[in-house]
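Going in written order, the chains are labelled A, B, C and D, and every chain counts its residues from 1.
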Amino acid sequence: TESGGSGDSGSGDTGSGGAANENLLDPASYKSDKEQSEWTIGVVTKDNTAAWFKRMEVGVNEFGEEMNINVIQKGPANADAASQVQVIEDLIAQGVDALAVVPIDPGAIEASLQNALSQGIAVVTHEASNQKNTLFDIEAFTSEDFGASMMDSLAAAMGEEGKYAMMVGYTTSTTHMEYAEAQKARQEESYANMELINGGEVPSAESEESVDVAYEKAKELLKAYPDLKGFTGVASTDSPGIANAVEELGLSGKVSIVGVGTPNEFSDYIKAGTINELQLWDPAAAGYAMVSVAAKILAGEEVAEGTDLGIDGYESIQVIEGTNKMLVGNAPLKLDESNIDDYDF
Amino acid sequence: MKTALKTNEPAAPKTRLSFIKMDGNILRLLIIMLTIFIIASITKPSTFLSVANFLSMEKQMVEYGLMAIGVGIAMIAGGIDLSVVYIANLSAIVAGLFMQKFAVAVSGPEQIFFIVLGILLGVLTGIVCGLFNGFLIAKLRIPAMLATLGTMQLYMGIAIIVTGGSIVSGLPEPFALIGRTNVFGIFTMSFIVYIVIVAIVAYYIGKTKYGLKLYLLGTNEKASKFAGIKNNQIIIRAYMLSGVIAASAGLLSLARINSAKADFGSSFVMLTILIAVLGGINPDGGAGKILGIFLATITVQLMSSYLNMFPEISNFYRDMIWGIALILVLIVNHVLNKKSEAKLMRLTSQ
Amino acid sequence: MSENIISVKGIHKYFGGVHALKGVDLQIKKGEVHCLAGENGCGKSTIIKVISGVHKPDGGEIEVNGEKVDHMTPSESIKQGIQIIYQDFSVFPNLTVIENLAFNKVLASKKKFVNRKEFRRIAEEAIKKINFDVDLDALVETLPVADKQLIAISRALLDNAKLIIMDEPTTALTKKEVKRMFEIINKLKDEGVTILFVSHKLEEVFEICDTVTIFRNGENVISCPVSEMDEKKFSFHMTGRHFEEVTEGKKRDLGEMVLETKQLSARGFNDVSFTLRKGEILGITGQLGSGRTELSLALFGLLKPDEGEILIEGQKVNIPNPTKAQELGIALVPEDRLTEGLFLPQSIKRNIAITRLDELSNKLGVVNGDLLDDESAKWVRDIGVATKNDEFPVSTLSGGNQQKVLLARWIASNPKVLILNGPTVGVDIGAKYDIHNLLRNLASAGMGIIIESDDATEIVNTCDRVLVMQKGQITAEVKEEDLNVKTLANYV
Amino acid sequence: MNLLTAKSLKKLAVRPEFYVFIIILLLSLFIQAKSGLFFTNNNIVDLLRSMTVPLIYAICAYLGFISTGPDVSFPLIAALSGYLATQFVMVTGYSGSIIVVFLVAIACGLVMGAINGFIIAKYNFPSLIVTLGTTSIFSGILLGVFEAGRIKLPESMIEFGQQSLIKVTNAETGLGSSLPMTFLIAIGLYILTYLFLNFTMAGRGVFAVGGDETSAERAGFNVKKIRFGVFTVNGGLAAIAGVCYSVESTYFLPTEFAGMEMIVIAAVILGGTRLMGGVGTLTGCVLGTLLLTIVTNSLILVGVPIYWQKFIIGAIIIVGTAISVIQIAELKGFRRSKRKKVEVA
């Protein structure tokens, strides 16, 4: 019997970037011989304590119970790509049947995921549109759509004119930067009277995933650019921090904010009108969809355009061929005063 | 110059006693390591005692294991190196960018040439970073903790500047092979490189006059100056060594995960200090062995992988376990060292 | 009331496996100056720390004023009127002179709050007692070592102390200061204060004490009035050996010039010119702050000269660092053995071999373990370091043996010029005798030696020629024929 | 020039605080010149606000250094006791005086600090390593056992955070800024610490113990008690900082505490506190904290490109210490080499 890991050493000529070879990426070859009840699907999150991923766990567990499949959701102790690699490696070593990963950094886990695939473990991802070593990447929508949608909301709030600023968690955060770039692209395309501050540099500030830093930076930005009219923040820490700053400076209503986060955390700000709109997707649904795809692969079922993943927003998925097979649902949530109370997480 | 004196003291009889002081620690580490191994093997035989698990553990421990050695060397010199993780990242980024630019497009021997050049460039980055740390600490006399705290930000800053914060990936396949090749099916290539580096460094620190001077300097900097040791040179070399080791960790990580990033492994900063101390390095300088760090690294990895086999145990408990282990090890070492000290005293006073 | 202010009986003290005190008895009568002598490591400091409550004894009892004290603590002993001048001064380098002087008294009074004025008053009172002139607001770490000792002394004199214990209080002091100190002791005695005076120095003991107690190896070997004691008996009880002062080998043939300085100046001294020949032992003595230490540092590459020249065997040299000094054949046994000389937790072997690493290792820098063992064993044997094993930490050795290790280290480097700063400070009679002998032998073999010392007897017994330094300059040169303790005292 | 002033000038010139002060002065002038916004009332108030929590932390770091060595556990003590206090309010629904909330936090902090103090005082272990260990433990308890997530604070706590000490409005830009009550707490703690350190024997004991442990013991100080006391008090101080941080940002933010220790320690050492024992002033702590706060909060004002920000902070730490270390060495005319404490037998 061939020991794990040695099978891939022959894949020498798949080109640069360590992209997996074609066979590895054929979902059909991951059909499991085991009983469904013996499957184990490992879900790896960025940070298991965050409200976001606790919500995801709801969806993941729901699927596990419905289908009587063993699901494990684990996250690293630190939101650091290296720690996440360790969690993935350990789950691989323990012989899970499928991995569903929300990468902290897609690039950093390519090799680990390739290793998983080469050992016959089905891999699906979420929030990783450019992940190479994955069978399917499940998205509530594309980064482009998401960024564009945020920009549309901001533009509407700002009356389509004026200066705005963008905040991300870290410049090293790939998804955040994608969303930020997409926002800028949409603005340049559609809103000529709007202007990204600082000569259009993306992003305008880093919140370091800290509400407090977001607050400090927002204040500084408002000082440095007195004519600033709008903010977007793609980390869940950003908008609350920005909103606190705007409130303190007495600019509520004069400065618009569109951000990403969870409804409960944003509810007060939305109701007070400090944050104009919250954009997100339901992590529970995304988690459900991820494990659902993983289970379909293990069962040998085909996942294609129009497949129903069994949860709201993913009833009829769209397949986009790009770096990988991206399964895009239609699950954006845009929450404002009118509907924020409909969601509780 | 024979200027012997007549004394009534008998000549010292020769017995080797060095084991009393240090090797007790090594022995203890071995026992802890084996205990964890046995417990894990008994409670989780199928998952723990699998080739896949061993390969996975080997891969994981290499990078922070190397960085812990860098930290350990700085600690032996009486300082600390908080910047290792970021030296590793910067080196990997420099090497990665270079290979991306020159080695991906070509093939054959030319490609190998550029890959080797890229590796050398990465190592050089480590040397320069280490040299700068050493310069700040030895020449400018900035306390090591503060100097490396500053350079930690500085090196990360440089890495962010050159990459714009994004990930460097897309490396030539032959290089990535280093990260994936297994020898005899049970050793990863990077683990073998790691073992070789550990062996060289352990020999260098343990057996050469440089190493001896390093320990003496770490014991008493002033006395070492008065003994004609070139303190500055020794300190600078210690941080350079730490830088080179960190760079090799960065390069191995580059090969393994096929990418490099400015803030990769930020959680390793504390872990490396913890491992160095668990391994018996005296944080005040002058004592401890590289072998101890190696054993501590394995111990931590065994424990870590074992814990990951319990899905119900959150990874955050690991922090707690490290903390408790660290303090327990300190206390146990303290009690046992006291005992062996007493033994030594008994031996010296007839 | 008892006639003894302190009476300890059958005190035992273990440090781990070390039986430092083996059932010691010691009675100190009220109003006497009691001397406690003994070789390094015989337990003098330990008994003091037991009396002061720093160490808890493992057996025996302590009576103060005839009353048994069950649990002695530092503050309790201070309250009982016991003041101690510790061997290591016990000062706070990071605090001002005022606080160093005032703490003990204020703490003993159990005051919880700081009264600046009171602190200053206490401090002024303290330094006045010995006419000690010092900037009260200076940080102690910026003061020379002698001032630190003077702080320790004035602190102890404060306040109606009934018993003052002085653990080798004169090590860092100049003759003048020692004399001043003895006047104070006599005055205190007149006031009815009891003194326990710990010292190695014969002349001091005979000059100041009423009663002598000698410890050897953790035991009290004799207690008697000083009148019943003479030098021979004294050294016999201390060491358990008989000695004869050797003067042979003092007449040596001097070879050619090995070291010369011309108008050398640096921070601490200026315009220093002198010569040293092969086979010569040159003494340098002088008061506190005379710049001796700085001169030796300059010769060893630890202090950059501002002006002037240094010549080795007629060749002008530049000595930027100790490594270069070593290459040029200059060795320095520093003033402060514990902080500048030894690597205390490291093995005796490593401490000795450090200057010879180049010879003991191959081209790649790998140390040859066997050569190292042999080298160390040879020096341990030749110099007579009393140890069972040279793998033991050097901290396990007594002061004298530690000093021998340092000597071995530098002799091993085979220097042309050996500079010793206070070669026998805190070293017992036996070891001192050994070391002087060794130095004479080295000179006979052609080494040029410079001894910097305060100890007039030492200088007279070992040196061929003596330079007297004052305020950074050489003020006198004493030739061998004029060399004796009395003349020397006139110059200093 | 009068001899006395010349002397006191030289005394001043060998103090690290002096150089930090000069650096701060130059830096503020530079920022003012570059942005025109530094010396505005709202910017000054903003800086003071940002300094509040770091200032309290700085006392912890400072007390650790002068008595024993580095204490790195204060951020997690702050986090854990802040969490427990918040939970106390949430669970009991307590809505009375904020003082009670602080007291609950302080009690928890004292217990955690006492653990540090006990281990350090009893065994004489290096404080860096011990506090590193307990940091790990507290972090495990907070995130593992309690699974603490981001919590919007209860109304009563937020209310306190919004009370302001000073409110200013920049006449030109119309931007307001308010200094929360927590700043008063920080000031109060500095005054208390100053009084304690300078006017009580126990306070002098902290310096004495740091200067020379053996001497302190012989002088009649209870070394173990003092060390234990310092670390215990540090726990209490950290707890206060924890609550302050939370009420300022209106959230309990479990993941935002860790990592603060390094920048605070850098500030304290920059301000002239010696790593090992007995030397340093509270003024130095304030100046060091001020310097780093100015740097981190003015990068955007000055227009430093976002990608250069980390680099600049690192450079300031290095250059700042280098200047004070070199200048002082030059002025004293010698370089003091590290002197190991040795027991003289």
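We take it that contacts are C-beta pairs under 8 Å (C-beta built on N, C-alpha and C of every residue); 3 or more make two chains touch, one makes a residue touch a chain.
Please read these numbers as outputs of a predicted model, since none were measured by experiment.
Would you pick out the chains that touch chain B and also touch chain C?
Where chain B and chain C share a partner, that partner set is D.
Let me check something: if the centre of a chain is the mean of its CA atoms, which chain is farthest from chain A?
Comparing chain centres, C lies farthest from chain A.
Quick one: report the Å distance separating chain C from chain D, using the average Cα coordinate of each chain.
43
Provide the C-alpha centroid distance between chain A and chain D, rounded to the nearest whole angstrom.
36
Centre to centre, by mean C-alpha position, how many angstrom separate chain B and chain D?
31
What is the distance, in whole Å, between the centres of chain A and chain C, each centre taken as the mean of its C-alpha atoms?
Roughly 72 Å separates the two chain centres.
If a residue has to touch 2 or more other chains to count, which residues of chain B qualify?
Answer for chain B, listing residues that touch two or more other chains: 160, 164-165, 219-220, 222, 225, 314-316, 318-319.
Could you list which residues of chain A touch at least two other chains?
49, 77, 171
By the touch rule stated above, which residues of chain D touch at least two different other chains?
In chain D, residues 143, 147, 307, 309, 339-340 touch at least two other chains, as defined above.
On the basis of the stated criterion, which chains touch which? Give every pair.
The list of touching pairs comes to A-B, A-D, B-C, B-D, C-D.
Using the touch rule from the top, collect the residues of chain C that touch chain D in their complex.
Within the complex, chain C contacts chain D at residues 40-41, 45, 52, 54, 73-75, 78, 84, 86-95, 99, 103-104, 106-108, 111-114, 267, 338-339, 344, 395, 398-399.
What residues of chain B sit close enough to touch chain A in their complex?
Those residues of chain B that touch chain A are 47, 50-53, 55-57, 59-60, 63, 104, 160, 164-174, 176-177, 179-182, 185-186, 188, 253, 256-259, 261-268, 304-305, 308-309, 311, 314-316, 318-319.
Can you check the complex and tell me which residues of chain D touch chain B?
Touch list, chain D to chain B: 70, 119, 123, 125-126, 128-130, 132-145, 147, 262, 265-266, 269-270, 275, 307-315, 317-318, 321-322, 325-326, 329, 335, 337-340.
Which part of chain B faces chain D closely enough to touch in the complex?
These residues of chain B touch chain D: 78, 82, 136, 140-143, 145-147, 149-158, 160-161, 164-165, 219-222, 225, 270, 273-274, 277, 283-284, 314-324, 326-327, 330-331, 334.
Please output the residues of chain D touching chain A within their complex, sorted ascending.
Per the stated touch rule, the residues are 35, 37, 40, 42-43, 46, 50, 143, 147-150, 152, 169, 173-178, 245, 248-251, 253-256, 296-301, 303, 305-307, 309.
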